[in-house]
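Look for subunit A in each of the two complexes below; its partner is subunit B in the first and subunit C in the second.
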Partner chain A sequence: MTETTKTPPADPTPAPAPHGLIPLPPAAARALLLLGSVATAASAFLAWTWTAEFPGDLTITGYPGGLQWLTFTAGVLTALLTLASYGIRGLGWLLPARNNAPLVLTAIGGFAVTWFTVIAISAELGGLANLEPGGWIAAIASLIPLIGAFALPQDGNTTDGGKEALKAYIAKPDRIPAPTPTAPWIQRAAITAVTALGLGVFTYGIDTEYGELFVGYLIVVVFTVWALHTAGLLDRFSHLIAGNRSFTLAMGFLAAIAFPFTQTNDHYANIGVNILIFGTVALGLNIVVGLAGLLDLGYVAFLGVGAYTAALVSGSEFSKFSGVQFPFWAAALTGAAASLVFGVLIGAPTLRLRGDYLAIVTLGFGEIFRIAVNNMDGDSGPDITNGPNGIPAIPDLDFFGFDFGETHDLGGFTLGRFANYYLLMVLIMAIVVLVYTRAADSRIGRSWIAIREDETAATAMGINGFRVKLIAFALGAALAGLAGTVSAHVTYSVVPTPYQFAGSTPPNSAFLLAAVVLGGMGTVAGPLLGAALLYLLPEKLVFLQDKSLLAFGIALILLMRFRPEGIIANRRRQLEFHETGQLDVPQQTTLTDEPAVTKAGA
Partner chain B sequence: MNTLPQQLANGLLLGSMYGLIAIGYTMVYGIVQLINFAHGEIFMTGAFGALTVYFYVLPDGTTMWAAVPLMLIGGAIVAILVAVGAERFAYRPLRQAPRLAPLITAIGLSLALQEVVRNFYPGADKARAFPSLDTTHDIGSVTIKDADIFLILAAVVCMASLAVFVRRSRTGRAMQATAQDPDTAQLMGIDTNRIIVIAFAIGGFFAAVAAVAYGLKYGNVDYRMGFLMGLKAFTAAVLGGIGNIYGAMLGGIVLGIAETLASAYIDEIPGMQQLGGQSWANVWAFCLLILVLLFRPQGLLGERVADRA
Partner chain C sequence: MTTMTTTSVLEARGVTMRFGGLTAVRSVDFTVNTGEIVGLIGPNGAGKTTFFNCLTGLYIPTEGTVSYKGTVLPPKPHLVTKAGVARTFQNIRLFANMTVLENVLVGRHTRTKEGLWSALLRGPGFRKAERASEERAMELLGFIGLAHKRDHLARNLPYGEQRKLEIARALASEPGLLLLDEPTAGMNPQETRATEELVFAIRDKGIAVLVIEHDMRFIFNLCDRVAVLVQGEKLIEGTSDVVQADERVIAAYLGEPFEGDPGEAEAAEVTAAEATADATADTPSTTGTPGTTKGDAQ
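Take a look at the complex of A and B:
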């Protein structure tokens, strides 16, 4: 216990010079930031290249296109934050802690998106000669705020050099000043504004027409969100949400419903409905993996069971029971029930055992499901699923005369086929979110979490581990089956190929699991965000093509290594993964005299 | 003609292959309680390592007598490097993490390895021809190929040497101690990190032997071959009792024979006429796993262990 004998940290060394890595006075650094970011935003109005061959047409002076808008946005954001750091009245809320990390991050974002564009232009058109002077100006202008940013003093303790000094630039301060209390209507207005903004940002991402724009979009979004995080605004917003939970939920669903009305092209509604299906299934998996801690590697098979069941009773003439046509509510219930039965059949023998067995049995089940539906064509197996040809020509749904296959006009907006299904999926997702949140907050949800944390202790507390796990597993299966019934109608046909362990397009079991893990286990928003990202990345980045699965695999390894709790971290998970000594890490709080035993070999 | 002896022989051969791969699962699991999902892909890289030696290193026209040992060495080097690399860079940093983390890493690793081979190995996006040993011999009513003889010999020699190694050698005993209690083993002066690396390396070596046997027997290899073989081998390891090296081999053989007999004879059972044949073999292997977990979860040779939560 050497700490107790040490003198209190009265630092005898003089305070570190108030400048950052680049030796400039802070005032000059701030001025560079402001001027540079304004110049960056302005440079977006210049012509960057001479030909419209580069997508987005960056050739017109005075009218920014595609990627130039992103540079403009990043520049404006940096400028706003810099102004806030000057203490301009009315902008103070942007930088509650008055720290420099948000400035640094947005400056990096602007620099990255501009240089990405410039490099993409020269690479795709073949050489730097394709840059107009505007492109050079933009590149130099976006470098200025970066210099300014790194000339600012770091927020944290920065006596160490090298990596630590760089880290200190993007560190989030420990203490963010508490917000001044605001009237409820201001809080609600803020939530509404943020939801609308979120819908706009999300819609922009879905509507990006070419891969370069999507990459630029991701760069700007990632750095902006990161900057807002270090500024403490995300924390403040989640406090706001916590105070207005049901209002936020309502706004979220309103935004989700509003999405198809913003679309003129049914193609993007198709992407939307696929993201929703993927997200709903990921949320179902989140009950199994995130709450109960059971690793299910064949989850997509339950989606498949639901889809095939719905197809069989849909009245398709290629179905084995072509005379039977259930109304949708009955088909949905049948699909969910069929998945539930399979879930219990798989879960009952394996859930009594250690978790690893479940992983391998579900992996096997997923594979068996695919093989079985492939073989049930009447030749190499019973005639049920038409084998590799699947069940095509599934009729569109019809609710009380509302034909989902037709285009409808609603108050001046045109809703195409996919938009109709999108709205149905929003409804189903609402059900799943409801089931998820109600279950998670209930007695059974707390039992799941207890089982996940420590099964032995949970059992000792009187929780029937097997029963609780089986409920989680079967509930997850039923929700996937429910989503499957809709997906069968959306895609017109069901075939065995999508229901495999890993493929280059979602949904497959590996992508589903990755959506949950990437987004954040045990949260509602996490799997939805993860699903959206994992659907959009292969969809938009077509140049990755057959390298996408390779990138996916490597990303999964790196994710587990560096941010295992996912993008949106469940607080409990975060503490669990990074042993911070706050929850249950007795060996860190050493009060004994003996040296701590290294656990390296465990 | 009675086909039963032939089917039994086929099952035994297939099962030995499962058993060789299952050793890798069971040793790693026994020591670090980790399902190395990527082990099937280590098997696959072993096959491609051997293929590289045959097509790109050896001169044309090398006799198989000379080629097979060199291919074994090449495959083993690749598989061991991949296995040890995976342990060092993917699993070791996560040893203190919750159980889910290394499992997900293993899935990522397995996909990454498959895709690396598919994208960067010449011609590997389709099945690649592998030199095969097709000369057949008739023993009674059983016909076997040279490749089968190689497989049986390799399996017997490998198993016998592993048994001796684990029981007699100092490292082998250190391995048993680590499997029993890693913390205490370390206090007794055992370098547990080294033991874990050795377990991965042995698993890789056995997988490479199985991979060469696979190639010689079936005459082609592809980047997806590791997935189903790995899944079956894991089934075999569970069947025999995970953590037990003899169990892995026994489980492999039982699984191989059960699967072969099921696909050969199940269509003679009334009402199941259409469920025979190779396409349903995987389904029956999997049903066997479920049955074992239901009635004997500790496996054929496993001891009942307390759940280490």
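Take a look at the complex of A and C:
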């Protein structure tokens, strides 16, 4: 966007302070960054330790392995960004705002992942003696770009030291110059490339074999994404998406479909399908929480209703109706319908309550479901659900002779059992995403948001609050039930225990809500990302074990402190949580000819 | 008194509202006729807003009925709006995190039918209805002069524009009667005058308007008829002149006159002083007489 008559308040060239926290001339700082980052990347080719006992085998000189790849990646990224800051032709797009924050962040990322590795080696193998010279070189090399980064001048016009000076290093500039318009095919190529890259990064994360690698992966990803954010590239990309919405959606689903084809081990497809189930349910919850603003703490019960319904009509010999075997489409519809009925039954009495009261009552209803299912075993209640034993031996799905339980070869790729279910879940998720986006952008979606914003005003505008809330509740329940029907088949059996309020394994009400809040309420991508993270963290970080709930709580508190709108922010939410410095003014900035308000407001 | 050929839009009969032992509104009879702007004034705590809430279904009157164009209004706010009575709020209650256009579109809720299924299936009917709603909303935004800010969030509008937007949102429900609860609270004189123009324009669209206000000058310029509510009871109802001249109204606002009533000369002095004050302020003077200036301190 061209700068119009409006002059920005601060000229970003503070004359007296050309250097940063470390007193070095900028040219030297930049040189340190470049040399240091190249050295860091190169150090990944050395042997860091003498024994292959540390996972990933970091003993080979001449080829990086395991965590060394991450150091290498971080080094290369820092080097690229530094070159871009030199103004090398062809790299300018990496740093549209020509700010230093991305350099600082990638340098920190490289430093963090390298030192994490070195410390992990020393800690796990018992002492610094286990480091080869290569490890020492890497540690020192990764420190150099850090020194260079903090010798660069801050981007803002900070004069006072301390916390503010540090903050200025990683601040995102207020204005990112708008990109030069590009041809549609270039835009699409860019989206395709980014999607492919995203798939690659995501697949790498799922395929990490040991906890250390996953931690290193998270470090690099977090700092890189943060750097791209401060560089303004994420803004540019979301702008690009906004212009090619359907294309991006199509690419996203293509990438989702491509995932099982990149996997050789069906275990990872299992993780994938679980993430999808979790994400789909989170997306359904997002309608209830994110759009209509109804805090539902018992949402996982609807997943349970769907799963139990599907199990009962699956033809399992342990089912009460073992003679009945619905085809999947009928089972899915039955599961969704049963959930919908439960949603209405639970919603009708509870939705007259507001806020905290609603949350408590839904929490109660969620637990009632689990306990009721637990007791319907013929002893303390009617024999329907087989009590705590659940319904095991649910047969695999069969679509026109395509048996989901078997391994299929498809054009050279092997699709295992979980990969089959994964593909089915992608289809279901596509339906849920479609339902979500279409419902959100309509008369009913607007009335949900209006109810969330101000219920009294909404009813005064003619919205039947109860009815509209009930629709949201029922729709969310039906979508969760739909996901539940697949999950019953994926896990072979349904038992009451997973459908609780809080536990250490993902699909429970607390985790679902956390996935929505963490990822970003009111967005499509947010809950999916939140679900992926919340599923992967306990799955990969096995060493956390029973402390995973603690770690998870700390993570949530930190997020609420620093980014209350979630990782992927809805525009509305972002403005809600950050009152100051709103630059929402779209397109043209028209000055109002209205005089200032002189009287005090009521 | 206004003409008698007009028919009544709103008719409240014997409306009484009790909160426990407190009677906030006591058997108030009240009518609004078509094409009329009626004011409802009264000191703070007189029960104006309570009465308003009785009219709009937010409160269910303890006794009495409220009917709109002959049919008794149901005691549910959304049904009242559907019947054709729209309102604004004393303290602005916009949907702060929705855009200006979305706010008005929410106001269209009762006049559109598209439910969840049509939203999911996106048939031609849905598209047509959405487009029609948007056109209508843009028309209204043009009417209040906010069309250029359609994509701004409501929270970011200046105060006066938020008030206007609230009116536009109420108008979007195509009401036959618009209830404005202190539409000029917190406005400066220019904005107040603009609001005055806006209310006249709304009346010219054939919508009857009922206004609660503290700003006496605004009320007496605007209204065909003014009713005064004091301690929950209707004190008097009539044209501006009648109400202004009524001693009980002045007494309710300013207190009983004391024995040594200021003489004619003193009153004239006050009038003159006010006239000069008006002249210095950039408002072209609307005649101010003692007792009609803003009577109560808010």
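Note that the second predicted complex is superposed on the first by the 564 of 602 C-alpha atoms of A that agree within 3 Å, B and C clash if a C-alpha of one lies under 4 Å from a C-alpha of the other, contacts with A are read in each partner's own complex, and residues count from 1 in each chain.
As a convention for this text, contacts are C-beta pairs under 8 Å (C-beta built on N, C-alpha and C of every residue); 3 or more make two chains touch, one makes a residue touch a chain.
All of these numbers come straight from a predicted model, not from anything done at the bench.
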Which of subunit B and subunit C A:Y357 touches, first, second, both or neither: first
Touching partner for A:E317 - first (subunit B), second (subunit C), both, neither: neither
Touching partner for A:I554 - first (subunit B), second (subunit C), both, neither: first
Subunit B versus subunit C as contact partner of A:S442, first or second or both or neither: second
Touched partner set for A:I471, first subunit B, second subunit C, both or neither: second
Partner chain in contact with A:F501 - subunit B first, subunit C second, else both or neither: first
First (subunit B), second (subunit C), both or neither touched by A:E406: neither
Subunit B versus subunit C as contact partner of A:E209, first or second or both or neither: neither
Residue contacts with subunit A in the superposition, subunit B compared against subunit C: B
Partner chain(s) touched by A:T456 [first = subunit B, second = subunit C, both, neither]: both
Touching both subunit B and subunit C, residues of subunit A: 454, 456-457, 576, 597, 599-602
Subunit C to subunit A touching residues, read off their complex: 56, 58, 76-78, 81-82, 86-87, 89-91, 93-98, 102, 105-110, 112, 114-116, 118-120, 122, 126, 129-130, 133, 148-149, 151-153, 155-156, 158-161, 169-170, 173, 182, 185-188, 190-191, 298
Touching residues (chain side subunit A, partner subunit B) in the complex: 289, 293, 295, 297, 346, 349-350, 352-357, 359-361, 363-365, 367-368, 371-372, 374-375, 380-382, 454-457, 501-502, 510, 513-514, 517, 521, 546-547, 549-550, 552-557, 559-561, 564, 576-577, 579, 597, 599-602
Subunit C-touching residues of subunit A, taken from the complex the two chains share: 434-435, 438-439, 442-447, 449-450, 453-454, 456-465, 471, 475, 572-573, 575-576, 582, 584-587, 590, 592, 594-595, 597-602
Complex interface listing, subunit B residues touching subunit A: 29, 33, 35, 90, 93-105, 107-116, 118-119, 178, 182-183, 185-186, 190-193, 227-228, 231, 234-235, 238, 274-275, 277, 279-280, 282-283, 286, 289-290, 293-294, 297, 307-309
